[in-house]
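One chain, chain A, links the two complexes that follow: it is found with chain B in the first and with chain C in the second.
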Partner chain A sequence: MLFWQILIDGFAISALYALGATGFTLIFGVSGVLNLSHGAIMVAAAVAAWALAGLMGAGPYASAAGGVLIGMALAMATYFVTVRPIQRSPRIAESEKEIFILTATLLWGIIISETVAYFFTNNAKTVLPIVEGVVTVLGVRTPTNEFFTAAICWVAIGLLWLLVNKTRQGKAVLAASMNPRGVTLLGIELTSIHLAVWLIYGLLASIAGILLGMFLGVSSYSVGPLTASAFSIVVLGGLGSVTGSLIAAYVVGYLETATAYLVSPAYRTIPALLLLVVVMYLRPQGLFGRR
Partner chain B sequence: MIVRGPILRSRTVLAGIVILVIGAFVPLFFSGYVLGLLTVAFYTAVFAMAWDLLFGFAGEVNFGPTFLIGLGAYTAGILDARLSPAISIWLCIVAGAAAAVIGGVVLALPALRVRGPYFGLTTLVAVLILQNVVVVFAGLTGGEIGLSVPDVMSVSETTNYWIAFGFMAISGAILYGLARSPVGLVLQASGQDPVQAGALGFNVTKHKLFAFIVSAFFSGLAGALMVFYMGTASVGTFVDISVGVQIIVAAVLGGRRTVMGAAIGAVFLIGMGEALRPLGELATLIVSLIALAVVMFFPDGFLGMLQKRSNDG
Partner chain C sequence: MHKHILGLLSCAAIASYALAPTVAHAADPIKIGVIAEAQSVAGSSIAPAAQLAAEEINAKGGVNGRKIEIVVYDNHSSAAESVRAFQRAVNEDKVNAVIASYVSEVVLALEPWAARLKTLMITPGAASDVITQNIAKDYAHNKYTFHGYLTSSALAGQVCAAAKDLLVDGEHMKSAVIMSEDAAWTTPLDQGYEACLPKSGLKVLDHIRFSPDTTDFTPIFSKIESQKPDVIVTGISHVGTQPTVQWKSQQVPIPMFGISSQATNSTFWKDTNGATEGVLYQAVSGPGVAVTPRTLPFVDAYQKKFGNLPSYCGYTSYDEVYMIADAARRANSTNSDKLVDAMEKTDYVGTIGRVAFLPKGDPHVHGLKTGNGYITGLMLQWQDGKQVNVWPKNLANGKIRYPSFIKLSSAR
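Up next is the complex of A and B:
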């Protein structure tokens, strides 16, 4: 009973983590950027969906779509306001661009989450689930929405896989993540690839945010932990490796769920962090990292 | 890469002296409330200067300054809470600094193996772990509510102000002197090009480890002192990632690689946060916007602007 419970809950949570971390790792792979406004974008998308439904009376699909649009707009704003100007700035030494992008995206994330908190308060918000009701599977009563969440996540990840592996543009993105210079030599504009990646990232992060809003609810307090968990997953899997992130998302998701059920919800994040430390010491490039 | 003529050098020193003179007159004119605010700002200034030594000079992106600060603060706080009045608070403070140094060495171990973003990630994880440890061992650490210590350094705002002010001035002088010394130059070289610095015969690992130890020592010491100023230790004031962010922003805002800029940035940030307090929740938003604008448009920070002006003129 408990076993099945952990299995089902862990699966849904892990699918969410996987979706959130995929976009994050994709950006890192292609442009070497770690976007620390990640959690803020997820929360902003979820709060936008909540506000559209709750304050303006939009239906669940319309509000979810609106939330995704806002999240994508914010992701693009992150790119144009913080990341691109720093990448192109002649006044910042190449070796320091990394810390500048990290600082700027972090500040940008704080700006987003403070704006959200100012207009919509810090209270936790639960987005109206698209699918309601409860089903009993293997003796575990589970909200139907949990299965819906996992399904959407995997459909989105599957579509991303198809896009990256089966389309011409997608292959260019994949190539850019392996060797940016090689791609430019082939005559492909790197700028357009960056744009595409940020758009995909915004889409994935917003969907993950809204699903999380339906599943557990979000508030501006979730911003930090969300960024941190995406971070841990991506490091564990190996920076830039999408497959690694997917596997790491499941490792972290199940570790957290099992700890929460078997030990105490208060210790939820600790085993995953310890695993992360061990990996950092023994295999700093992550489980599936290339470098 | 960085050329510092005698004029720039004296400008920075001059700025430091001016600030010290202004600081010395503050207790004569301002209320205890302002002094209390500045006391916190001065400790934050030491946090930021210690961070600048590690990032600006050794080139190590430490996202977890609060790991070292928290270790110092909690070690000192727990010792005092457990053993008071049998133990002097100064012994607790020394123990706090020692714990931070040990933490710094532990943190340095992966840093000396991995490069680039990976080290930053390790430090971030270190903060998260410390935060969890504090919450899990609530019996010892006070958990999320915070740990209250039975002793404080002084109840007088003026005395506390002078302790913090003196501590900041001495730490600043030591860190600045260190950064200008031959050791500091080797550190800068190792930060910018470890391979070349190594090829020139400098022991990069040893120098970086040294930078870690110094940075950890001052972070831990400042954290421990601040505990006995505030009378409490909590995750929100010493460990939380947002505290670390504030320290990093302060150092970048003031100007990297200047040590003194970090202190100016810290005092500015704390002052701004307080000045904007009437705006309520908007205060953080506005401070973040200003910080982002400085990072984007004046990447060299306040002192960088000052130096640029002196170059032009």
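Up next is the complex of A and C:
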């Protein structure tokens, strides 16, 4: 009973982690950017969906779609306002650009989360669930929305895989994540790849944020932990490796769920963080890292 | 040349300093600093409610000819920022009294500063018993602090009294699990629950304290369910939306009853997309409940002016401005010690009941008097988007009604 409960509960939360981390790792792979406003974008998308439903009376589908659009717009704003100007600036030394972008995205994330808190308070919000009710599977009473969440996550990840492996544009993205210079030598504009990756990222992060809002609820307090969990999953899996991130998401998700059920919900995140430290010692490039 | 100008300037400065007190004295406003959490739903009512009270008092001519002036500081829910705001309020803005915060940790951090800077401070919403215990321990220093809201142990007492009438006598319930967030205010609350629930007739099967950072409550609810209690007695304030929504989405068949501060907010229905249907929570006031003749006029005036309903600390903050004004009127002074003396003699019918403070010598000195004739509290339930009062009987405007997924033990 407890075993099945951990299995089912952990699967949904891990799928969410996986979806959130995939976009994050894709951007890092392609452009070397660690986007520290990740959590803020997820939360903003979810709060936007909540506001559309709660304040303007939109239905669950319309509000979710609206939330995704706003999340994507924010992701693009992140790219155009904080990342691109630094990447192109002749006044910042090339070697320092990474740290500048890191700081800029961090500050950008704080701006977003403070704005959300200012207009919508820092109380947690929950997005109108698309599917309601519960189903009993293997003796575990589970909200139908949990299965829906896991399904959407995997469909989104599956579509991403098809895009990257089966389409020409997708292959260019994959190539850029392996060797950006090689791609430019083939005559592909790197900027358009960056743009495409940020769009995909915005889509994935917003969907993850809204699903999280339906599943557990979000507030401006969630911003830090969400960025931190995406970051540690990506580092654990190997920076830039999508497969690594997916596996790491499940490792972290199940480790957290098992701790919450078997030890105490208060210690939920600790074992995963310890694992991260151990991996850093023994295999600094992460489980599936290439560099 | 420069020397002359400098000399002239300093002469003028000295003159203005010397003249200032005599010139300004008659119309000197009584300044009340308000340090609150502008970004939280509960805290965001504190400053507007104080402002409303000040405007009402000023419209009627003020206090002995002096106007009330409210100076607002946003503490961003941080104790450190609150301390800085308190110092600035007293040292630079020269406030005569401070209304501070609904977070116990913040008020506990400010209490020694109220003592050091000898400035009257009253909280509209913090609950920890330690606030009044500190005053009892060192009255001479800490007498400047007043507890304008119920202590946690008083809250526990009111929840237990309601539980006896509604759950034990009403539904024949026999057992409970306590579920509370780990924070300063819940330590005495939980002790209170453990002591008084058995006396009300509810056996305490387990006691779960969880971190306020918890996002996934599934493990907590599944553990509680496995113990088969008749009711979950809550102590939550920093969290609210998430446990409530997950309680509903997981269809936990056990009612939630107790303190759920966020549920007192009128926006809680929207925050939870209606998942709060059936949640029972203690409060000192509720929409449409005329606890005293002042309650509903206040709610109307607040809603008219700000477009939303006040949170629980809006009511107390509003009353506290009146209490401070009243004390200043009786003392005919804003001298801190005289204000404290006058505040101690407060006997004021406010929006939440008749307010009087426990006297020196009581273990909860400067805490509110509770019970018959003073503040008794209410038990409300969310029903169809509305907050309905179900206890005590003489103030009730509805009956308990549970959502369909709740399986009462008598029916199980």
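Here, the second predicted complex is superposed on the first by the 291 of 291 C-alpha atoms of A that agree within 3 Å, B and C clash if a C-alpha of one lies under 4 Å from a C-alpha of the other, contacts with A are read in each partner's own complex, and residues count from 1 in each chain.
The definition used in the following text is that contacts are C-beta pairs under 8 Å (C-beta built on N, C-alpha and C of every residue); 3 or more make two chains touch, one makes a residue touch a chain.
Computed from a predicted structure; not experimentally measured.
Trainee: Looking at the overlay, does A:Ala75 come into contact with chain B only (first), chain C only (second), both, or neither?
Mentor: Neither chain B nor chain C is touched by A:Ala75.
Trainee: Applying the touch criterion given at the start, work out whether A:Ile27 contacts chain B, chain C, both or neither, answering first, second, both or neither.
Mentor: Neither partner.
Trainee: Tell me the contact category for A:Met280 with respect to chain B and chain C: first, second, both or neither.
Mentor: In the superposed model, A:Met280 contacts chain B only, not chain C.
Trainee: Of the two partner chains, chain B (first) and chain C (second), which one does A:Ala172 touch, if any: first, second, both, or neither?
Mentor: A:Ala172 sits against neither chain B nor chain C.
Trainee: Touching A:Ala205, do we find chain B (first), chain C (second), both, or neither?
Mentor: The answer is neither, since A:Ala205 touches no partner chain.
Trainee: Should A:Thr103 be classified as contacting the first partner (chain B), the second (chain C), both, or neither?
Mentor: First partner only.
Trainee: Looking at A:Ala230, would you say it contacts chain B, chain C, both, or neither? Reply first, second, both or neither.
Mentor: In the superposition, A:Ala230 touches no partner, neither chain B nor chain C.
Trainee: Examine A:Ile247 and indicate which partner it touches, taking first as chain B and second as chain C; both and neither are also allowed.
Mentor: Neither partner.
Trainee: If we overlay the two complexes on their shared chain A, which of chain B and chain C does A:Pro265 touch? Say first, second, both or neither.
Mentor: A:Pro265 contacts chain C only, not chain B.
Trainee: Shared contact residues on chain A, chain B side and chain C side combined as an intersection?
Mentor: Residues common to the chain A contacts of chain C and of chain B are 117-118, 266, listed in rising order.
Trainee: Flag every residue of chain A that touches chain B in the complex, lowest number first.
Mentor: Contacts found on chain A: 34, 82, 85-86, 89, 91-93, 95-96, 98-100, 102-104, 106-108, 110-111, 114-115, 117-118, 224, 228, 231-232, 235, 239, 266-267, 269-270, 273-274, 276-277, 280-281, 284-285.
Trainee: So in the complex, the part of chain C that touches chain A is made up of which residues?
Mentor: Those in contact with chain A are residues 39-41, 44, 77, 182, 209-211, 213-220, 222, 239-242, 245-246, 249-251, 262, 265, 267, 270-273, 275.
Trainee: Enumerate the contact residues on chain B facing chain A in the complex.
Mentor: Counting only chain B, the residues touching chain A are 1, 55, 59, 61, 63, 109-110, 113-114, 116-118, 120-122, 124-126, 128-129, 132, 135-136, 192, 241-242, 245, 248-249, 252, 256, 281-282, 284-285, 288-289, 291-292, 295-296, 299-300.
Trainee: Tell me, which parts of chain A touch chain C in their complex?
Mentor: 5, 9, 13, 53-55, 117-118, 121-129, 132, 134, 141-143, 145, 216-217, 219-222, 225, 257, 260-261, 265-266, 268
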